[in-house]
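Each structure below is given as structure tokens.
There are two complexes below, and they share chain A, which is joined by chain B in the first and by chain C in the second.
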Partner chain A sequence: MNQSLNRRRLLATAALGGLVGATGLGSLAPEAAFAAEAVTVEPGAPDPNFAEGRISKVSGNMLLVTGSDTVLHSIRITNGTSIWKLHPTTFDQVAVGDGLYARGVRLPDGTLAADSVWVNIVNLHAHIASVGRNMLHLDHKGQRIVAHVVPGRSAAVYNGTPAVSDMSLLRVGRHVQVLGAWHPDTNEISIATVYAAA
Partner chain B sequence: MIEVLAALQPLVLGAVLIWSARVKLFSRRAAAAANRSALVRLLGQDRALPAYRVLGGVELTLGALLLAPPALRLEAIAATGLAVGFLAYLTYARRVAPTSSCGCLSAQPIPVSGRSLARAGLLVAAGVLAGLAAGGWWTALAARPLAGAAVLLAELALVVALSPELDAAWLLPLRRLRAWLTRPLRGGSGVPLLAAVQQIQLSDAYRRVAPLLRSDVREHWDDGDGRFVGHAAHYQGRPVTAVFAVPLADPEPDAVRVAVVDDATGETLLSLAGTPRPAGPRLTVVPA
Partner chain C sequence: MAAVTGEMSWFCCGSAWGPCGTTGGGACGTCKSGNYQHAWPNASDACWSITRPDTCGMSLSRRTCGFRHYTTNLCSGLRVGTTIADCGPQTDLWCGERSCCGSACGTNRIIDLTPAAYSAIASLSTGLRPVSVDIV
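Up next, the complex of A and B:
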């Protein structure tokens, strides 16, 4: 805990401190940064640096994931991996049975060294069938989905303006796009962001 | 009472059938509705629309016959047969093509639900009752106008309640009214993380270091009047952390600063602030 506080203080000081120029440290032009990573994916071929599926086993810092096409992926979580589960979180929040999307670098042994992992992420276009206390009932292609508003976490974007926490402009019957975290094996999600017209 | 109920059934059946035929025969979206229905699966793509139209014609004819005198038992039997057919078709659609649309009372894409099945069941019951009626609905209504009107209203309300197609006309306004009265989504304060992330992504600092970033948001915290957002990044072949500082009070992207810090040594490799806008007249472009 103390270590994390110290680290945060260091990072905050660096961000707020005096400017350190880029010129002495090499070019920051996008061409220079991208030059090292040649795009090797054939058009139409699956992206080797992406994996999705349900977690069937967690061992150490490895995740064994069964893809929706039944392909098995092993995914390595590193010190630099970002883990999202409704919000940026830590590896200990990841459980067997969770779904995930992962992006990273495919290592020669076939494992994916993950840069970013999004656990249980869903992206739905739906209509609001009814609203309850901190809850939206969504009609998604005729199926009912219960979307929970998580106070302090859920955000709403109205008409593309900056995100706010206020959900009260959502209207029954209107179309919404919802990014959220699925509760595995249920028809319920927690709302990360809801995009709506107001 | 049961005689009144039975005698009024042709009226209910006729009204529902004519309403249903209206969509199939006169709606401009009938072709789309036919293509979304399970008729495509049952009869094939080419025959779905003609079958849909023919069904509409049958419904219109039978509905008109039921409403108009004389009251014949044959009409009630035909209506019962048609309702049984609906029930069988909907059961088939639900089992074989669950994503198909009902195509029953409106051209909207509405999947076959338990309510649609219950409505078809109600029509079967109405048909059977109509077969038991002794006289026409007009004589029954004239004999007991109040009871007859009440029965009629209650039954039509039941049909409407069992029709998902008509929800937009009565159920959604009711739910809207309840939400307006109870305000279940009130509350919600504070600036969500997404607001800071959006501000960062519009900033000059982000544009300059974006090619270095490897991960999504790894950590974030508030300290004083600022919010800090950290990403894992790669710079000059070593793992680094890119940390963005966002002032909570200032929503302008120009206010975002970034530092790139070596993970191993803690050395600040790069630190950038947003460039202030140039003075003088300018065209303000707001990102949509």
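Up next, the complex of A and C:
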């Protein structure tokens, strides 16, 4: 059995047993946790091991999530779950009203035992409408988005060069891709990385 | 078609929350964030006229709604099969952009995956990855 299957089985076992302690897997960075996935899904089909929506309730180590298509999801968090909310973070930073994408293992009772949860993550393609102090105003599909620069976190990637904290090369009218975290129920986000073409 | 090397990102579609709430079912009308689907720059004449990968020196084949592509993340070797559900990415806005993992690099944006598909082969927090795209 390969390493991915081993990890998935361990995670599922931990979730079924309701373990909150160590799963034997350790906590993984979001960039690494996706490697646990080994399910085969037909191209074009929905992935049963993936969920999205907004958190309607936090109960113990469970997230109750209402999908954007109104489907309800129960998502179990274990010590092996990696959580991203602008940066890698902990379960206590997750709140009712947050949006999320989650990937894990669907258990027989329908619960998703989460390997990875990305909270409020957005990946926007937009134009810069204006540049303010520690913020960008973006035009995104006809809507205005206020994107906040977070000192010590936000980074810019100019045409594939290594990420830097200097946002001064961003110009009004330029096309950008902004990876960040949405502020629920607002038109604001915090910037993780802004990609700008040369 | 030989495998094409380039960059991938991800996009949301269908019913969604936050800023994604303004998106719909994509050019094909079937796109959903939870499905294994993707956007392709040459899904139609109208699509091509917007994305213009040729201005970056790329010749991508015409593939229409429902066509299957298989994308391999050059950073991890993980692979996912998806169907065309939208037009994109807008390759011409990013001509020459290059992403690398060590010596494995991709230049120019050639495919956008849904969150479900992207997260099967990379973390959503990476945002951009070098890939190869094939039809088998």
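One rule holds for everything that comes next: the second predicted complex is superposed on the first by the 157 of 198 C-alpha atoms of A that agree within 3 Å, B and C clash if a C-alpha of one lies under 4 Å from a C-alpha of the other, contacts with A are read in each partner's own complex, and residues count from 1 in each chain.
By our rule, contacts are C-beta pairs under 8 Å (C-beta built on N, C-alpha and C of every residue); 3 or more make two chains touch, one makes a residue touch a chain.
As the structure is a prediction and not an experimental result, all values here were calculated from the model.
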| item | value |
| --- | --- |
| First (chain B), second (chain C), both or neither touched by A:Lys57 | neither |
| Chain B versus chain C as contact partner of A:Met167, first or second or both or neither | first |
| Partner chain in contact with A:Pro151 - chain B first, chain C second, else both or neither | first |
| Touching partner for A:Asn187 - first (chain B), second (chain C), both, neither | second |
| Partner chain(s) touched by A:Gly142 [first = chain B, second = chain C, both, neither] | both |
| Chain B versus chain C as contact partner of A:Trp84, first or second or both or neither | both |
| Contacts of A:Trp118 with chain B and chain C, given as first, second, both or neither | both |
| Chain B versus chain C as contact partner of A:Asn134, first or second or both or neither | first |
| Chain B/chain C common contact set on chain A | 30, 33-34, 84, 116, 118, 141-142, 157, 160, 192-193 |
| Complex contact set, residues of chain C against chain A | 9-12, 14-23, 32-37, 66, 68, 70, 76, 78, 81-83, 85, 89-90, 93-100, 115-117, 119-128 |
| Chain B-touching residues of chain A, taken from the complex the two chains share | 8, 10-12, 14-22, 25-26, 28, 30, 33-34, 79-84, 87-88, 115-116, 118, 129-135, 141-142, 149, 151-157, 160, 162-168, 170-173, 192-193 |
| In the complex, chain B residues that touch chain A | 99, 110-111, 113, 168, 172, 175-176, 179, 183-195, 198-199, 208-212, 214-221, 223, 226, 228, 230-232, 235-236, 239, 241, 243-245, 251, 257-259, 261, 263, 266, 268-273, 288 |
| Residue numbers on chain A that touch chain C, as the complex places them | 30-35, 37, 39, 41-47, 50-54, 67-69, 84, 99, 101, 103, 116, 118, 120-125, 140-143, 145, 157, 159-160, 175, 177, 179, 182, 184, 187, 189, 192-193, 195, 197-198 |
